[in-house]
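My questions all concern the structure below.
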Amino acid sequence: MLDTALMISLALIVLALAMNVYRLAIGPDIPDRLLALDTMYVNSIALIVLLGLWLNTKTYFEAAILIAMLGFVSTMAICRYLLRGDIIE
Amino acid sequence: MKPLGRFLPTPTLSLVLLVVWLLMARSVAPGQLLLGAFLAVGIPLLTRRFWDPLPPVRHPIKLAWFVLVVLYDIVKANLQVSLLILTPRREPHPGFVEYPLEVKEPLTITLLANTITMTPGTVSTNIRLDRSSLLIHVLDMREEQALVQEIRERYERPLKEIFEC
Amino acid sequence: MSQHLMILPILVPLIGALVLLLPTRAGDPAQRRLSVGLCVAQLLVGGWLFAQAAGGELIFYALGNWQAPFGIVLMLDRLSALMLLLTAVLALGCVMFACAGDDTRGSHFHGLFQLQLVGLNGAFLTGDLFNLFVFFEILLLASYALLMHGGGKERVGAGLHYVILNLAGSALFLVALGVLYGATGTLNMADMARRLGAMTGDQTALVTAGALLLVVVFSLKAALLPLYFWLPRTYSAAPAPVAALFAIMTKVGLYAILRVQSLIFVDTPAAEAITTWLWWSGLATIALAGIGVLAARDLRPLIAYLVLVSVGTLLAGKSLGSTEAVTALLYYLPHTTLVCGALYLIAELIGQQRGKAGTRLVRARRLHQRQLLGGLFLVSAVAVAGLPPLAGALGKLLMMQAAEGVARLWFWPLLLLAGLCALIALSRAGSVFFWASYKGEVAAGRVSRAQLAGVLWLLATAPLLVGFSGPLSSYTLATAEQLADPATKITRLFGEEAMPATSLALGREEETP
Amino acid sequence: MTFYVIAEGVIAFLLVAGGIFAFTGSLGMLQFKDFFMRLHGPTKGTTLGIGCVLIASMLYFTITQRELHVQELLITLFLFITAPVTGHMLAKTGLHMHLRFLTSTRGSVPEFRDEDVGQSRVARPAKARHPWRSRQRRRRP
Amino acid sequence: MALLWIPLLTLFGALVPVFTTRHGRRACTLATLVAPLLALGLVLAQAPAVLDGEVITFTLPWMPLLGLDLALRIDGLTLLFALLILGIGSLILYYAGHYLAADEDDGRFLAYMMLFMTAMIGIAMADNLLLLWLFWELTSITSFLLIGFWGHRSDARRGARMALVVTGAGGLALLAGLLLIGEAVGSFAMGEVLAAGDAIRASSHYPLILALVLFGAFTKSAQFPFHFWLPHAMAAPTPVSAFLHSATMVKAGVFLMARLTPALGDSQLWAISLSLVGLATMLYAAWFALLERDLKGILAFSTVSHLGLITLLLGLGSPLAIVAAVFHIFNHATFKAALFMSVGIIDHETGTRDIDRLGALWSMMPITGTMVILAGSAMAGFPPFNGFLSKEMLFEQSLVNNVLGALSALIPLLVMLAATLSVAYSLRLIWSLFFAAPKLTREQKAQPPLKAHDPARGMLAPGLFLAAMSLAVGLFPMTLAAPLVNAASLAVQGDTSPLLALSLWHGLNLPLAMSLVAVIAGGLVLRQQRRLADIAALFPARDASRVFEAAVLRVIKAALWLTMRLENGSLQRYQALLVLTALAMVGVGLANLETLTGERGLQPLDGMLVLGAALMTFGAIGSALSHRWRLVSLLMLSVVGLTVSLTFVRFSAPDLAMTQLSVEVVTMILLILALFFLPQRPPLLVSRRRILRDLVLATALGGVVAMLNYALLTRETISIADYFLRESVPGGGGTNVVNVILVDFRGFDTLGEITVLTLAGLATFKLLNRMKLFMPAGNLEGIRWSRHRYPMILAVVAQILLPLALLVSVYIFLRGHNQPGGGFIAGLITAVALILQYMARGHDWTRERLPLSYPVVAVSGLAIAVATGLASWLFGYPFLTSAFGHFHLPLIGEFELASAMLFDLGVYLAVVGATLMILINLGRVTTLHRPRLEER
Amino acid sequence: MEALFSLVIGVLTASGIYLLLRGRTFPVIVGLALLSYAVNLFLFSTGGLNTHAAAVIGDSITPADPLPQALVLTAIVIGFAMTAFVVILAIRARSELGSDHVDGQQGEAGDSR
């Protein structure tokens, strides 16, 4: 049961990622793409966690923490860029 | 609290840090506790200068209740939004609402804005420079006034109580 | 202490650089003194190591006490000792020159300079392929920074090309490393050599691909024909003491090729392909660089092309393959490096006194110190053109003698014609600079004592190399013989049973504290 | 034994639910007509989805390895701190960039925009592609 | 040892004038003379033995590997040349002391002369072919300096350069020839080479050797068609011409031919080439000497002609011819030096060298006149001067030769013709200078007539001495010249030389008749000189020097064109070349690969992998395609970055995944910073063909790399990995093997790596110094920047995140040795958290709260790492040897401490310092500029 | 799987090289970044593609070859340092040369089209 659930979950996440990519590709505007990218980051957290479940290990867990913590920084940077131009004033 | 102030300027933060440390270390061995305590004291001291003076938490219990409420709302909101997404035939009625702010502290505004973003079909989009009001984008707007009222009652008031007075 | 002596060429400039990088005001005399002192120290260490290596002894230094092939091992043989000493000599001249004021045109000159030396010395010492990559990057990044010293349009434009090309080169380097590691399963050069010895079939084809890619990267650094176009502009744009130091940068590429081919890819199909490549592109480099020498309308690019000629000569000479050829090129190498360095410094001095005309080959105001500069220019020009009585001529003679059979048919005429081109171009330059001047006021600016010291230090080596040509040439002969005998290195490093199958067991013996 | 069955069921449920939430979040991003609406999906759906998966993971490891595994809370913490901020900033950016929204959208934004930007545009769009030039041109008078 | 002193004396002599020049001209000259005179004495001391046929040698090994020894010899030929060089040299030095104008730098001049003398003496004395070559090239260099002594004059510069290039080229050819000789003989020692004539002639390279050596000799001796540099070299001060073109420089070529006669001579090829070239030179130059108006030009052409004569004689090759050649070398040196000196005097006194402007000088300068008459007669070959003797011998030899087979009969006729011309120009010199009236043009007549008088005695004496010498030798050849000449010719042709009797009167014979005819015909020719000149003027002279200069110019232009074509300054081309080279080289390797797929089986695919591959492909191609929409390109790049780290997760490299992620964020910030300063949407400027080319190149290299990768992935190798896995815990004290490798096994790499990082920080600091920036006022769409400078929510979140991030980084740092993590990742986390502060609150605000100097942080990090490495020295272990131990403390329990952690701390600090240095400095630059932007 | 992996590396390399051959500094930088991804993956893959084999003792039964991982880590860092430098150099070049063309000669004129 667990395996099946895992697979379903993985498949859904993979599909979600694929949709993100699609949005990233078609845009139409920069914020759309940015949103897509950010969502990709978040979805990949799920991917890593699911992988950890699949392999029954927590070795890769810190990578997920890093994405959660740092992933948004680059999104912020681009937002700032779009809003203000230079990101460190 | 006073004598501790020098070493423990922000006890809440220190507590959070200690908890987080123990979470990460996955152990409550004395060594880890000691190290965690050291860090929980040291890091706030190091980063103290980066903190604008924060309003202290006045009602921890209310805070807990608030968190629970928000969590519940998140789940609810998500179910709603998911439903909206999965039933494409129903056209949503999006709209912008300007929400006049009563809270003034940056932290509370932030918390409010974040809460709004996380909960029912709303995303906070902009805050006026003078912090007087918040622009909210609503995914499916029925009644503007009701929404404002709901936010005020459900989120802003508790927040105000917890932090500001 | 003496067993640690070997790592000093890396540590001395590194620690020195750390001190120098602490914030001080520009042109601090203490900083200058320290920088010169560091160079002197390296010279002493280099001399000591040179003397040690001259005995033919191979010295290894296992970093972190991890034995090869598992840890990184530094290796000192005659070749690396020669290069170390050469670097130290060149660096001292450059630093002395820079102390006259070039170092204040931007920040951190001395620190970066020492880090550049770290990179150079490390590259010459290391016995590990990946470590070589790391040191390459150090020396490259330091060279980028030094190139930008003082700023300016020309430098930035040239620097952009130099940097981007070298970054692409670094990427290729890593690919090559990947292939070699993937195919051999080791990074230590000697270990790789011994594993290659036991390899057959398709694996060797892969190794060949990796080896050739590696050589492409080194050729980029050494500036061989299709890959040298960045050099003239870059070297001309660099500040004088830096350009002078750059004279050894191309030689790093050469060194790497020499090291890799003579140690790792000795009897593999790769060696043959490398030789062919080096031969033809070396010759073409001589030819085109000779043409470039003629075409140059400014002294700095002219020198750059002379550097290229020497690169082509050295590498074509390398591919002659014989011990004599290697002897010859090793004899020629220090001379050409030092003299090209000196020439850049002299060009700077000339440019200083010619006002706006700089080092362009046009009539300009009379030089303030015509006699002095003319004399310096004459000596260096004679040296660099490979004319007697300086060592360039002897080196060239040796190279020519080493060419045999059909090879000679290409090598001799090209070498001689390139010499002729140099002669024509340098005589033109000299007569423009020192004879054809406008009458009227003399340009201001005198050669400072530090500058003169730097130039003289470098130039003095030219007659010295002639005077001691006998001992030096026998040293280079010994070096060439040592290079031709990689087996000794392998057995010295791994003991007698140097078969790949047993190699994995070797690591067990050592202990860590 | 039943404990494990139930636990397994719970974990499986959470996993699937997480997957569905994440999926709908991304689907929303794909489906909605304008940027501001698209924003809603990821900020809520995906965040919650990840939350579910994390809880599942927490439970799973706690149960299988027989010790408390609550590290995942940390990720949740970070996520709950960062995700709304991202949403907010993105919305702000979208507002700033004059992104079109559905005509049926109620309410208005120009006031906010004016406050945000000052004037409406710097120059004609054609020129504005090269702001450096347009800037120089304006300096002349 | 005495032999070594001869060149050494002259060499040191070169220093004398430099130091004595301040004591006045006279003292300087006299002091300078000491060295050559001493050397001359040394030579003379050897003379008796040499005249007896002995060869004195001296050898000092120099560079045995090369076959180069410092070997000197004195035999007859050397003796002859040494005497000429030192003797005439001394006279000319003395003369030069009077010649130079008062304000000229006599010290430098005399020094050059002495250097040149050294080089010449070296050629004459070299007992080693390579040594000879060294000195040979030295004469080229020093002659360049001498000819260009008046460098402010353009003709001097041109003449000097031409001489250098022609003789230098000759020298290079000569080198090749000498090397070939050395190879044929097996040694460069002169004695062995001279004895190995047969071996050389038998060598298959003989024609080549001959061609190369003769090319060298001909260029030096100004033989046709390489003669053209010599007249141009007349731009030199006269003492230089006197020295270079009478006794030395040009004689070097002749000397070489004479010297190598035993080795190379005695073959048909040798004879024909020498005699033909000699004849042609002799005639051609004599003709031009007759037409020339410049006094020194006349002498230059006559020199060329006489050198041709000597070459011819060497070519004829019979013993007597060689004697004649040697004798004429001597004779020519004496009278030509005298003539040059007198021309110098005339030039000095009258200020012109135009033969047409001069005339009737006899009354004004009789002593000079006498000198010219004496030397000129010798040049014309009038009896009883020495020139007559050698010319008679030439006539005699020309009659008996058969070098040209059937055409040999032509030689006497041509020789006679040349002699006729020689008489004519000699007489012209004497006559028009001293007795005829000047042929002035109208403007010249308007100028005041020339006034001149004989110069001081010091200037006259050397010339007079030499002129008298030529008469004396003519009168008493046996006493004055025969021994020397005999000894010299003995040296030239081995031991078969007949001892010759030289005498003025040979009886009435054919040569005498030929002389007579030549003299009479010469007179007649002279009378028609004007007409001849007019005829010659009809044919526009294609001066070889012009041709040469034009050729050099054209070559330079062509070189310039080619260089500009190749180096068009386009980085794209250079990179394409790099790619192409790499492609070709790897292609060679791959071509040998038999099968691409190796023996290791393939692993199955799954959905995640396909997704990852799709993401990466999408990102890569997307960012390539959208490179003009830069922000989009950047977002695509970010996809790749994310997927790469996911790949690392998937393939069991947690450390890498974390590093990649954090580096990704920092890189992103950096690139966005860059985006702000670079145009955002540049135009498409390239052609379709260029795009196609790039696509092909890119795809090809991509394909090759993929093939390499595939081939590697499917093959087994035994790597050294097992060792690390085994030793990590017992040897390195950590369970995270990657980290143990980084900080321990290969800590040296890591040290280098953080050095690179620190360097990058410093380098960017350097770049940002005094940078002027372009700053847009609005974004891509033309919208002004938002006025929300520091969005509040961001600020609050940054504030909350900072302590948490620090905590995480401490955690990551501490666990690094045993679990994925380590100083590097921790450093990046800290750096990112701090950068977030900067982003949220601005530079100034953060700076105020974090008054750290990032360079100092980075440098101290590096210092800690180095110090950790050094500490192991204290225990007698190599640099970077690690130590670790498990400790037990009450209450805390067991914990581990390792020196590697200290090293890792260094890494941490270096990373934090360097990263912030890079980003913040860039950010700060904008801060400095921003206010201006805000004003409007 | 191996084939797919190699293919991806090939695509990354090709895209990187294509961008590297562009005339503006920004694409070149992006190209270098792509190239370094490709190179890092390449280097990484020389240790083999292993799932669930982190080189942490006690964590997995058959740990992967840790050496390439360490090398890639070094390479990533060095690549980052280099990217940082070249980015700032590009900015500087634009400031000095007035254009973001790698050869600096096309000038702003090119931008106005």
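As written, the chain order gives the labels A, B, C, D, E and F, with residue 1 at the start of each chain.
Here is the rule we use: contacts are C-beta pairs under 8 Å (C-beta built on N, C-alpha and C of every residue); 3 or more make two chains touch, one makes a residue touch a chain.
The chain lineup, named per UniProt: A = Multicomponent K+:H+ antiporter subunit F; B = Multicomponent K+:H+ antiporter subunit E; C = Multicomponent K+:H+ antiporter subunit D; D = Multicomponent K+:H+ antiporter subunit G; E = Multicomponent K+:H+ antiporter subunit A; F = Multicomponent K+:H+ antiporter subunit C.
Every value quoted in this text rests on a predicted model; they were computed, and no experiment measured them.
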- prompt: What shortest step count links chain A and chain B in the network of chain contacts?
  reply: 2
- prompt: Among the other chains, which touch chain B and chain D together?
  reply: E
- request: Would you mind checking which chain's mean C-alpha position lies nearest the centre of all protein C-alpha atoms?
  value: C
- prompt: Comparing centres built from CA atoms, which chain ends up most distant from chain D?
  reply: E
Statement: CA centroids of chain C and chain D: separation to the nearest Å works out as 55
Query: Between chain E and chain F, what is the gap in Å from one C-alpha centre to the other?
result: 40
- prompt: What whole-number Å value describes the gap between the mean CA coordinates of chain B and chain C?
  reply: 62
Statement: Chain centres from averaged Cα atoms put chain C and chain E apart, in whole Å, by 17
- request: Provide the list of chain F residues touching at least two other chains, using ranges where the numbers run on.
  value: 16, 20, 25, 38, 40, 42, 45-46, 51-52, 54, 56, 59-60, 67, 71, 74, 78, 81-82, 85, 89-90, 92, 102-103, 111-112
Statement: In chain C, the residues touching two or more other chains are 130, 134, 137, 141, 144-145, 148, 151, 160-161, 164, 168, 175, 178-179, 181-182, 187
Chain E: positions in contact with at least two other chains: 569, 571, 575, 579, 634, 650, 652, 654, 673, 675, 679, 705, 708-709, 712, 719-721, 724, 745-746, 749, 753, 756, 759-760, 763, 767, 774-776, 779-780, 785-788, 791, 793-794, 797, 801, 804, 808, 819-820, 922
Residue numbers on chain A that touch chain D, as the complex places them: 1-2, 4-6, 8-13, 15-17, 19-20, 22-23, 29-32, 34-36, 38-39, 42-43, 45-46, 49-50, 52-53, 56, 58, 61, 64-65, 68-69, 71-72, 75-76, 79, 82-83
- request: Please give the residue numbers of chain F that touch chain A in the complex, ascending.
  value: 51-52, 54, 56, 59-60
Query: How about chain B: which of its residues touch chain D in the complex?
result: 20, 23-24, 26, 74-75, 77-78, 81-82, 84-86, 88, 92-98, 113-115, 117-119, 121, 123-126, 128-129, 135, 137, 139, 141, 144
Message: Per the contact definition, I'd like the list of chain E residues that touch chain F in the complex.
response: 569-572, 575-576, 579, 602-605, 609-610, 612-613, 616-617, 620-621, 623-624, 627-628, 630, 633-634, 637, 640-641, 644, 647-648, 650-656, 659-660, 663, 666-667, 670-671, 673-675, 677-679, 682-683, 685-686, 694-695, 697-699, 701-703, 705-710, 712-714, 719-721, 724-725, 728-729, 735-738, 741-742, 745-746, 749-750, 753-754, 756-757, 759-761, 763-764, 767-768, 771-774, 818-820, 824, 911, 914, 918, 922
- prompt: Taking the complex as given, what residues does chain F use to touch chain E?
  reply: 1-27, 29-31, 33-34, 37-38, 40-42, 44-60, 63-67, 69-74, 76-78, 80-85, 87-92, 94-95, 100, 102-103, 105-106, 110-113
